[in-house]
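Across the two complexes that follow, subunit A remains constant while its partner is subunit B and subsequently subunit C.
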Partner chain A sequence: MALPQAKLDATEARLAVAARPSGAAWADAARDGALARLRAQGLPHRRDEYWKFTNPDTLVQPEAPEAATFDETDAPIFDAVERLKIVFVDGVFDAGASDDLALEGVTIERLSEAAQSDIHWAKELYGVLEERGQDPVARPLAALNTALADDGVLIHVTGKASKPINLIYHHQSPRSDAMLHHVVKLDPGAEVTLLENGPAAARFNAVMEVEVADGAAFHHVRAQGRDHERRTATHLFARLGEESTFKTFTLTANGVLTRNECVVEMKGDDAAAHIAGACVGDGDFHHDDTVFVTHDAVNCESRQVFKKVLRNGARGVFQGKILVKPDAQKTDGYQISQSLLLDGDSEFDAKPELEIYADDVACSHGSTSGAIDEEGLFYLRARGVPKDIATDLLTLAFLAEAVDEIENEDLRAELVNLLEGWLGRRRG
Partner chain B sequence: MLEIKNLHVDLEDEEKTILKGVDLSVEAGKVHAIMGPNGSGKSTLSYVLAGRDGYEVTEGSATLDGVDILDMEPEERAAAGLFLAFQYPVEIPGVGNMTFMRTAVNAQRKAKGLDEMSATDFLKMVREKAATLKMDNEMLKRPVNVGFSGGEKKRNEILQMAVLEPKMCILDETDSGLDVDAMKLVAEGVNALRNEGRGFLVITHYQRLLDHIKPDVVHIMSEGRIVKTGGPELALQVEREGYEDIKAEVA
Partner chain C sequence: MAALDDTKVKEGVDQETVDAVREMAGTYKHGWETDIEMDYAPKGLTEDIVRLISEKNEEPEWMTEWRLQAYARWLQKEEPDWAMLDYPEVDFQNQYYYARPKSMATKPKSLDEVDPKLLETYAKLGIPLKEQMILAGVEGAEAAPAEGRKVAVDAVFDSVSVGTTFQKELKEAGVIFCSISEAIQNHPELVRKYLGSVVPVSDNFYATLNSAVFSDGSFVYVPPGVRCPMELSTYFRINAENTGQFERTLIIADKGSYVSYLEGCTAPQRDESQLHAAVVEIIVEEDAEVKYSTVQNWYPGNEEGKGGIYNFVTKRADCRGDRAKVMWTQVETGSAVTWKYPSCILRGDDSQGEFYSIAITNNWQQADTGTKMIHLGKNTRSRIVSKGISAGQAQNTYRGLVSMHPKAKNSRNYTQCDSLLIGGKCGAHTVPYIEVKNNSSRVEHEATTSKVDDDQLFYCRQRGMDEEEAVALVVNGFCKDVLQALPMEFAMEAQQLVAISLEGSVG
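Showing the complex of A and B:
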């Protein structure tokens, strides 16, 4: 079907201002492929069904809208965690601020360098998982990223990584338009924890492709912080092997526009995928979690747990789908999305979907939005807890079910601290 | 200590008057009981004093040590020394009992210009008080009132009272849902808190709680008013004769 002219124009206008990086044959081929996909799809438009609740205009337009840089006065996140730091400033690798890219059980390379090598393992994954994730729903911003991103990290995990890898993003230029593409490949039985945090740029388009081989475990914890004016679109694509584990959690505060897509394909039997997120939004805030889990193997478990606390006109979106293919018997799929609306001005839109072709499965989904528990609030206040603190206590309690999805206790504690700090700062 | 004068209260959502001129004065060091049939306005009185939404005071006043409390927020009333033990303690999933109590204690200390209590001092204090109420660490760690039996919830109320050390305690139907043993435990907890500086207002439907918490003064409430006041013997009269006879007597 031919694309509407407006879509074609918007797509070409965006591409006109971008420089396509060049590399070795495999990288060129991947980028060419992505470009062709993108041109066939066209960039998202607010009339697209998949963008019904989130206006993509500012993510799509040629130039990034200006965003004030954020004064990072918070104590750095994950500082208490022994980790390997990889730093990007406005989407550009900062070697000086990063640790040596050397870690036991892992090899780490920059995409910009690896893309020049004629032979590289990333050939099998770069743009490949992204392309797999384009069906049945188009994700043009991810194709755009594959075509244009010139940096990111390629992480090959061969054993148990001795410590977490932390991707740290800084935003220094008010009009920076950053694109990063990361690829993580876990060999059979390998394990790694990947942390991400920091304001990346005025506009940030990030793609991460993760191959989790048989028996491997990937843990991902991400904090999207208080850089309020950011516009962010992220895609996380994962393919899971037998008895593998994939767990991702994102904590989000503020941000005029954030869309986090997570696309998981369960290809090996007995695998587990947990996708969770908690966000607190205040005022001019729009947060969209879009998740697509495909069960294509036997006896796999998937969980989607998303919680949002919204006030002063903040808007939250959840689009979550579980697709169970005909042979994916014994699937255990669970999905819950809930919002706590602290006032009548805020809005939560949820589109939960189940599509099941196997007959021996257990899938459940639920979505709720509600106001704060007035009885609980009064009880706390009657004991002397001021209303704002009582509201925050109930907020933390509401988010706990999602935060508890983080398996590692230290990381969970870090995020709870961070969240408490954010709430405390808001209280003044 | 607690002075209630000619208090008239309407339900906000319905055009319904619940309290029709309550007069009551509780002195420091005394235990007053309010008894009355269902629907007489006992619980409304406790909620209005604690500051719950949904009620409108149309006339009258309530003061604690001479300070008007009716214009205060619930947390300000608590900091001023008022405590309501709920008839139905609220379950708060996700908020740990200890976190809750520590937040409450420190908020009240802050309101009084005092420093926060250290975590260790607080833990020690709570454990001692919990032990006398036969509450174990497990109950302190669990989310507030979640999964608690009726008796455990009421013990948790008394524990909070002991921890917060209010000067005016209102107990709303604290005996409801309790078996005899649980009631004794709760009553002992309350009696341990009785002292010269503290006032109590015990709201109850039945006389049996007053066997364990001996009142100095007993009031009978009916249709939104205190209709009779007397000594402990009044509670026994209620037990013998029921409310109807007393209502007839004062009519």
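Showing the complex of A and C:
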């Protein structure tokens, strides 16, 4: 079907303000392929079914809308954790602020450099997992990223990484429009923990492609900051081998617009994927978690756990899907999305979908929405806890199921601290 | 039934369920044809055909205009493609839009004047058109006291209503129950006021088509404070070949009234697919209650997926007054393609909507069905219980919307969807939309497999069952929820459904 003219125009207008980077033949081919995909799909429009609950206009328009820079008065996140830091400022690599990119069991390169070499392992993955993730639902912002991103990190994990890798994104220019494309490849049995945090830019489009080979384990913890006006669209594409593990958790507090898409393909038997998110939204806040898990192997387990606390007109969206292919028997799929609405102005929209073509599987999905538990509040207040503190306690308890998805205790403690701090400051 | 016999059923799925599905969706019992002379309008759809239908029904000018407007809108509309349905394009010009038995050219004044062949047709289907024949062929009916189990029937054959029983008795109670074509002539003020007020003319592609070409259907008006003395029912029969059936039902329950309405449908077995696009509108005023039950058993096509009815239906109830209540119950076993979302608009404060559905698909059947619960008023409540069973190569989708508007304070919704797959070649899908715009409302969407009522579990365990047994027992109350909502008249279907359990459901 031909695309509507409005979509074609929007797509060309967006492409007109950016140049396709050029590099080695494989990188050029991947970028050209993505450009062709994008032109065939057109950039998202608010009438698209997949963008029913989230207006993509500001993510699509040629120029990034202005966003005030973030005054970082918080203690930096993950500071208590021994890690390797890689810093980007408005999407530009900051060598001075970054650690030496050397880590035992891991090789780390920048995309901008690797894309110039004729032979590189990333050829097999760059734009490849993104392209696989385009079916059955188009993800044009990811294709845009593959086509135009000129930097990011390529991480090849060959053994057990000795410490987590932390991607830190600073935001300094009020109109910055950043695009980063990361590729992570885990060899059989390898393990790594990847951390991400920081506001990144006025507008941030990030894609991460992760190949988890047989028996490998990928852990991902992301904190998307607070109190700023950024707009973010992220895509996380993963392909899982036999007996591999993939765990991702995202904490989001504020941000005018956040759309986090996670697309997981379970290709090897007995793999596990846990995708979790917690968000705390206040005021002019729109947060969208869109998840698509495809079971294409036997005896795999997937969990989607998303919790949203919303107030002052904040809006939370969850679109989750479990697709079980015909031979993916013994699948165990679980999906829960819950929202806690702290006042009457906030809104929660959910579309928890199942598509099942195998008969010997168990998939459950649940979604709830409601106000804070009055009985719980009464119980705490009867014991002398002030109302706002009681509310915070119940809020933390509500978010706990999602936060508990983080396996590493130190990281979990770090995020709980952060949450407590944010909730505490909101009280003033 | 080769398809099912060969199927290896996964461990844990109840054999009785498989047998019941096989029985229900197996050989189609109503596939015979009535040999009767018919009057057809020319094939295809044009403005002239719309005028012709209006003329045949001796409609007033305003009605003809209404239809023509709908037709003009329909030309602008595109067929929706968002449902998980895959079927060859429907050629809307290769259909008859009007088919009437010749003997119905002059309307019979009473059932005694109706062509015996038509009466035979309904007798064979087990539909009592003679008032003394109550509930023919329905097991268990004998036990019921005859007085309390009367059912008034409006029988629709292709494009026309053949007759309506018990009209006199209903009239005494003040209830109007007749074909919609009669209502347009005899009660134009009511039809004009309510027709299209719940499902607007241009609501969707099929509803717009129906508005232009509907030929007959049923009309019910229950005056304030009246409890309808008997159940009302309509039986739709498609007989003629290449004929689309477009019926229109309008039910108005005035303040404080109550009515229970049943709908049944069958069609002959043919290789060519046939089109059915109905619209049902229900208006529920203050303190009124409407129960609408359907057993949809259109011809589903054969084992190779040839033929069958394409069933595109728009059903909607509008709870206009406070404390209004509506309950949809559907058992969907027929049709090659089902596209149907009986919905509730909960406008009045404290109004209630309920939707109970069992959809069984086999062979190459495809069903995309569910409901919409639009909460607009305060303290409104809705409950959705949907059970889907797929066998053979069938695809069964639940698609639903629960929407809590900002002013729908303290509202509640509870949704439960379960699916069962019999064999590895079919599919079961769930596409719920949930939109919550206020925080005093609670919305819960759950799959039974993950949540079993604690109290029930406790009860079972107290009586010495181990946990697994107790869970099985509670979960296996599968069809009970829906069956309880089904009126006695569907006892035969209900008996078959009792054997179905959801053990081994996928989610």
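Worth a mention:
Note that in this section the second predicted complex is superposed on the first by the 427 of 428 C-alpha atoms of A that agree within 3 Å, B and C clash if a C-alpha of one lies under 4 Å from a C-alpha of the other, contacts with A are read in each partner's own complex, and residues count from 1 in each chain.
By our rule, a residue touches a chain if its C-beta (ideal position, glycine included) is under 8 Å from a C-beta of that chain, and two chains touch if they have at least 3 such contacts.
Nothing here was measured: the structure is a model prediction, and the numbers come from that model.
Of the two partner chains, subunit C is the only one touched by A:339; subunit B is not. Within the superposed three-chain model, A:398 lies in touch with subunit B and out of touch with subunit C [touch as defined at top]. Once the two complexes are laid over each other on the shared chain, residue contacts for A:353 go to subunit C alone; subunit B is not touched. In the superposition on chain A, contact is made by A:371 with subunit C only, not with subunit B.
Residue contacts after overlaying the shared chain place A:363 against subunit C, while subunit B stays out of touching range. Residue contacts after overlaying the shared chain place A:38 against neither subunit B nor subunit C.
Judged by the touch definition given at the top, the superposed model places A:384 against subunit B, while subunit C stays out of reach.
When subunit B and subunit C are set side by side, the one touching more residues of subunit A is C.
Touch criterion not met for A:179: it reaches neither subunit B nor subunit C.
According to the touch criterion, subunit A has no shared surface contacted by subunit B in one complex and subunit C in the other.
Within the complex formed with subunit B, the residues of subunit A that make contact are 373-376, 378-387, 389-390, 393-394, 396-398, 400-401.
Taken in their complex, subunit C has these residues touching subunit A: 9-11, 13, 82, 84, 404, 406, 409, 419, 421-447, 449-451, 506-507.
Subunit A makes touch with subunit C in their complex at residues 49, 322, 324, 326-327, 329, 333-334, 339, 341-371.
The residues of subunit B lying in touch with subunit A in their complex are 50-53, 73-75, 77-79, 83-84, 86, 89-95, 99-101, 103-105, 107-108, 111, 143-144, 160, 164.
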